[in-house]
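Note that chain A is present in both complexes that follow, paired respectively with chain B and with chain C.
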Partner chain A sequence: MQSNKLGWILLAPTLVILFFFGVLPFLYVVFVSFHQWNPFAASPEMIFNGAENFRRIVFDDAFLNSLGVTVAFVVFAVLSELIIGYLLAQAFMKEFPGKSIFRTIHTLPLIMAPIIVGSVWKLMTTPSIGIIPHYLDEWFGITMNIGTSAPAAFMTIVIMDIWHWTPLVTLTLIAALVSLPRDPFEQAQIDGANKVQTFWHITLPMIIPAVVATVFIRLMDALRTVDEVWMLTGGGPGSSTRFLGVHIFKEVFPKTNYGYGSTISVIVLYLTIVVCWLLYVSMLAPRKNRKG
Partner chain B sequence: MKKRNPFLTTLFWIFISLLTLFPIYWLFVISVKPAVQLFSTPDLIVNNPYWGNYTEVLGNRLLRSYMVNSLVISTGNAVLCTVLGFFTCYALSRFQFRGKESIFFWTITNRMAPPAVFLLPLFLLMTQVYRVGDFTLLDTRIGMILVYCTFNLPFAIWTLRPTIDAIPRELDEAAYVDGASPWKVITEVVFPLCRPGLAVTLILTWVFAWNEYLLAATLTNFEARTLTTGLSEYVTTTGTEWGIMATISVFTLIPALIVFGLVQKHIVAGLTFGAVKG
Partner chain C sequence: MNFALKVGVSALAMAVASSAAYADDAFWKEAAKPYQDVTLRGVTESTPPSNYIREVLAPEFEELTGIRVDIETTSWDQMYDKAIKDMEAGTGIYDMVFIEQDIVYSYLARDFLTDTTKLLADNPDLKAPTYSEDNFTTFADYFRGENGDLYGVPMEAFIKIYLYRTDLFNDAEIKAAFKEQTGRDLVPATTHAQYAEIAQFFTKWGEDHEMDLWGTTAQAHTGHPASWYEFFESIAPTFGVYNWGIDADNNYAASVANGGAMNSDEAKEAMKWWLSMRDIAPPESNASTWTEVGTTFGAGRVAQGLVYGENAGWIAADETKSLVVGNVGVALPPLQDGIMEEVEGGVGYIGYYDGGAFGIPSTSKSQEAAMLFLQYIGQDEVQPDWAVAAPRVTNKTTYDAPKVQAMNEELGGYYDLLRDKGYLFAGAPAYPFHAQVREATAPILYQILTGDLGPEEGLDQMAAKAESELTDLGYRK
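And now, the complex of A and B:
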């Protein structure tokens, strides 16, 4: 083994960049979160105000609304993606012509920029140019206007997210299903188990690690959703699709509420860290079991 | 269930594929329509495509400069992240440090954090702290290249680690015994063996940088604006130029589609931090 000096030289650029663009911003946002600071307010200085911002956030309706909207979105979207993704993965387990082509097409949305997904769905759903509101009106007499109707905007975002991210769930579950051993299924068939029983007692317990990993990865991504929502609705109408990321963006830039915006950032970061920690633990758990 | 006609399954997948493809097709339809036709009854079939939006976007000097910025920033960032990721993984794989695995896991936390959280601190640090005389990192290509490292560098490290770990140490050691310098070992022994892994990393980091919007929208004003931010500039509350917006979207989408075929098998592994092999 050569000297460790060379190792540190190779590591140094990475550590320096991540320090200046990852660690320092993190420490800085924590520092600012304990201050009252709005450079364009009557008192533009940065004033230390202890935990005042954190006290305020607990009673802040705008923040709580944003948190609620985000949680509702995450639950709806991730749950639907899981169910649809599982059904599609099962449909993929059989042999049929053109399988690899369909797989390729199904993977396509994953490489698309979120902002482009937002723009695609904006063109699909904006009244008067979008095709969805047009035919909803012509065939069913339903008026859909994502600019004025909060439920329509919210559901459009959920459907957009399902369109964008279900393929990831499908593909991870295919990977899990392919690696399953055949024996338990044959055994279950001999014992006369029906489909629901087979799923519940055999398939599910065996794919649980993959499901958990997928759920947490999707949770993490769903928590950081900004671009496509920003493009599609801008957080509106009102604040009905103002997810946490959008909320921070609006609080920090147009309002230049630096101190309080930092506090929201810290709280959102904390929530993400909790989710990530759970993800990490759940990913490690099956590995440990296998070893032990 | 098992005995079901494969034809039906194919039919089912054709339906799913249409659902997947239709929104993208619609984007294309809007981009080849003149503005006056947009608000009439939607046509699914384009009879005589109108390329005016394309010539307008390509002829717009501002948008052309956004395109160049996007290209420079994502290429610069992808190369930087792949090279640094390669060095980092080599160091983590071949040397013994205290807390080696902690460094490895710490890098990933940088990727997991929501970018919205870092908007303000990055903005303030880049305007006020990271400066040399009058030069600040804000609204510069080099600034954006460095900022994108926060998510792409951890990604590169995580995707390259297995590749480099899989190369037997005996090869390095044999080269050292023959009197090669460490630099020679890295560039002439390890690097050629890593080429496929490096190519995948390069392409995926490139796409992630190309696709990024939020950070570019806040950390650039004019000089270093990218194509994704240009897209949002065409969406205003007063009047959106739908055709132009669709056309810019098509231009943003094309590079991703081109490289899609090359890395298709690695996308899932990439998006799940290697937890799932696609």
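And now, the complex of A and C:
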């Protein structure tokens, strides 16, 4: 009883901060999402409009387009990061010359702020000036213009995200791989399992919790990507890279459409929770059932 | 005049000047006494004029008055975000905010700003002897409310001009080739047809001579409002489409069907011409905002272009940034036939007169101290050095300062153009819904730029979208 009380006392400052800087703003956003509110409208005051914003969102082409490109981005980026990250983690489990230097260089993108990453990639990809379009043209005769080509802009953002965040996946998976017991692998070797079988039936089931945690982190990050995209394409060309984060930003800040922008934010949060829950159920629940 | 008289007159002049300076210093020290514990906080866009305030004027003011001044220079988006949130929430964090000319009507509509004329009238002790609203150029009128009072002290003003490379335009071989090809002399264009001819010539010249040279700039980013601004503020007016094609006196109509001009034949012609120029501009144009256009020109990659005057200074004179120093000329933008006569007659404008002011939020807790600082940066005395550091003129006497005259030579006569022809240019229309309509219609413009929509269909959609947004906002009934 005494330690329980002490625990609450120790937790209290964090809970208070969390309440004021997390829970309260969230409740306010939910409150605003049921209002029509644009301070630069003819009627700048907040007007309650029930679920009108939520009804509108279903038929909003701009939002649905943003949702579509965001889902495509998340699938491409997170899946690629997971595969490349796992391969790199396996590579780092082995000894090879220059391993420590390579590992350090490989981790460097992680310490860069997203806005810097966007700026650097913009410099590298600006048509006719950037190093990437220059050498693509010189070596392969490929014209790359992220200002006019939607696929080029989209793929550049996916590659930029992979470059930036794969090291995180690698580090997480290294930690998981290092902690695995040796016995099951030795047993599998004795039983004659090949590498694919070993991976599928032993490695993967044992690192699934780490994989799920990593996917959760990357999924949530990818769904709210703004900074890099803002710097690199501004959401263009057209609306081809106007991901949800950028769409919300444009709706809330330049357009000052606080009511509708809050509605989109609430919906995106809801979708993120649903996607994470589905992922959790599909990846971890079968494992629990097996145990049961 | 004999020697003794000359010495006497000089001594008298020096004595008067030094006593006036002493009197001025005495005013600032005396007026600042009640505010010694005040720290003024301002937020502005990171531009050369704003950086000069932060690095030079604010420290000078601090030293003179003892009032501390923190000027936060940030990106254009962040600047608005911070200022609007502060004023909307009434937190009073900022005592001074940058008011770009195009947002002032939104701020005034929300009573975000302090009436500086009234503030000084109510507090005569605050009025600096060296400050007067009469000192400002007519650009200050953009920051006056309906009562005629000033709500912001102008701090930057420039026009978007037609910049061209004098070294290329005066090159004998190029001139001869141009004459042979077109039958006319190579001189800055006055019409769109001439401009296009020159642009096509130089782009071809660059190709033929394997040079990184193109005939024109284009501020045609496919995901940034800079392209929207280039079309509606710099291109469309030269075809006779003013105020974004929205008729404020006609229920804010945008479409031709309802009495607007956003999708008029003139607007469509303007769009087609602009796209044709974009197509022969450097490849980076599709990713260029106003900053990159300046960089492209400064890198010597274009022969001519429409460039914001705030960039003209470093392009023409800063050897550490520009490769075309000493080779820059300025002219008025090319126009359709009849537009100049129309504008001279008082209808419309030929280009964008941009700039901004520093205003005091109504929510500021240190309005009097902030007013002292605004007067300090609004004095004639501080203007010449400021104009040389960042090409901007807000006070009438600045044009005549020797330093500014010298700079004018380097800039190919830019300041003369600003003074003599500035009246032909105009700021953004007096709409309180500036960013809202821009953001609603910009995605359609981006689709036009990427070729997903044709110019005619796209402008029709933009006009319809503008009207629907204005209806949602409650301005269009």
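The rule is simple: the second predicted complex is superposed on the first by the 250 of 292 C-alpha atoms of A that agree within 3 Å, B and C clash if a C-alpha of one lies under 4 Å from a C-alpha of the other, contacts with A are read in each partner's own complex, and residues count from 1 in each chain.
Throughout what follows, a contact is a pair of C-beta atoms (placed from the backbone, for glycine too) under 8 Å apart; a residue touches a chain by one contact, two chains touch by 3 or more.
Keep in mind that this is a model prediction, so the values were computed, not measured.
In the superposition on chain A, A:Gly98 makes contact with chain B only, while chain C stays out of contact range. In the superposition on chain A, A:Ser128 makes contact with both chain B and chain C. Looking at the shared chain after the overlay, A:Ala42 reaches chain C, while chain B stays out of its contact range. Contacts of A:Thr156 after superposition: neither chain B nor chain C is touched. By the document's definition of touching, neither partner reaches A:Ser66: not chain B, not chain C. Of the two partner chains placed by the overlay, neither chain B nor chain C lies in contact with A:Asn53.
Partner contacting the larger number of chain A residues, of chain B and chain C: B. Looking at the shared chain after the overlay, A:Thr203 reaches neither chain B nor chain C.
In the overlay built on the shared chain, the residue A:Ile217 is in contact with chain B alone; chain C does not reach it. In the superposition on chain A, A:Thr148 contacts chain C only, with no contact to chain B.
Overlaid on A, the two complexes show chain B and chain C touching the same residues of chain A, namely 122, 126, 128-129, 253. Touching chain A in their complex are the following residues of chain C: 77, 80-81, 84, 88, 106, 109-110, 212, 220-225, 282-287, 292, 432-433, 435-436, 438-440, 443, 446-447, 449-452, 472-475. Chain A meets chain B in the complex at residues 1-2, 4, 6-8, 10-11, 13-15, 17-18, 20-22, 24-26, 28-29, 32, 88, 91, 94-98, 102, 104-116, 119-124, 126, 128-129, 131, 134-135, 163, 167-168, 171-172, 175-176, 195, 210, 213-214, 217, 220, 223-224, 226-227, 230-231, 244-246, 248-249, 252-253, 258, 261-262, 265-266, 268-269, 272-273, 276, 280, 283.
Against chain A, in their complex, chain B makes its touches with residues 1-2, 4, 6-7, 9-10, 12-14, 16-17, 19-21, 23-24, 26-27, 30, 38-39, 41-42, 84-85, 87-88, 90-92, 94-97, 103, 105-107, 109-110, 112-122, 124-125, 130, 146-147, 149-150, 153-154, 157, 176, 182, 207, 210-214, 218, 228, 231-232, 235, 242, 245-246, 249, 252-253, 256-257, 259-261, 264, 267-268, 271-273, 275-278. Interface residues of chain A facing chain C in the complex, by the touch rule stated above, are 38-44, 62, 122, 126-129, 145-148, 150, 233-242, 250-251, 253-257.
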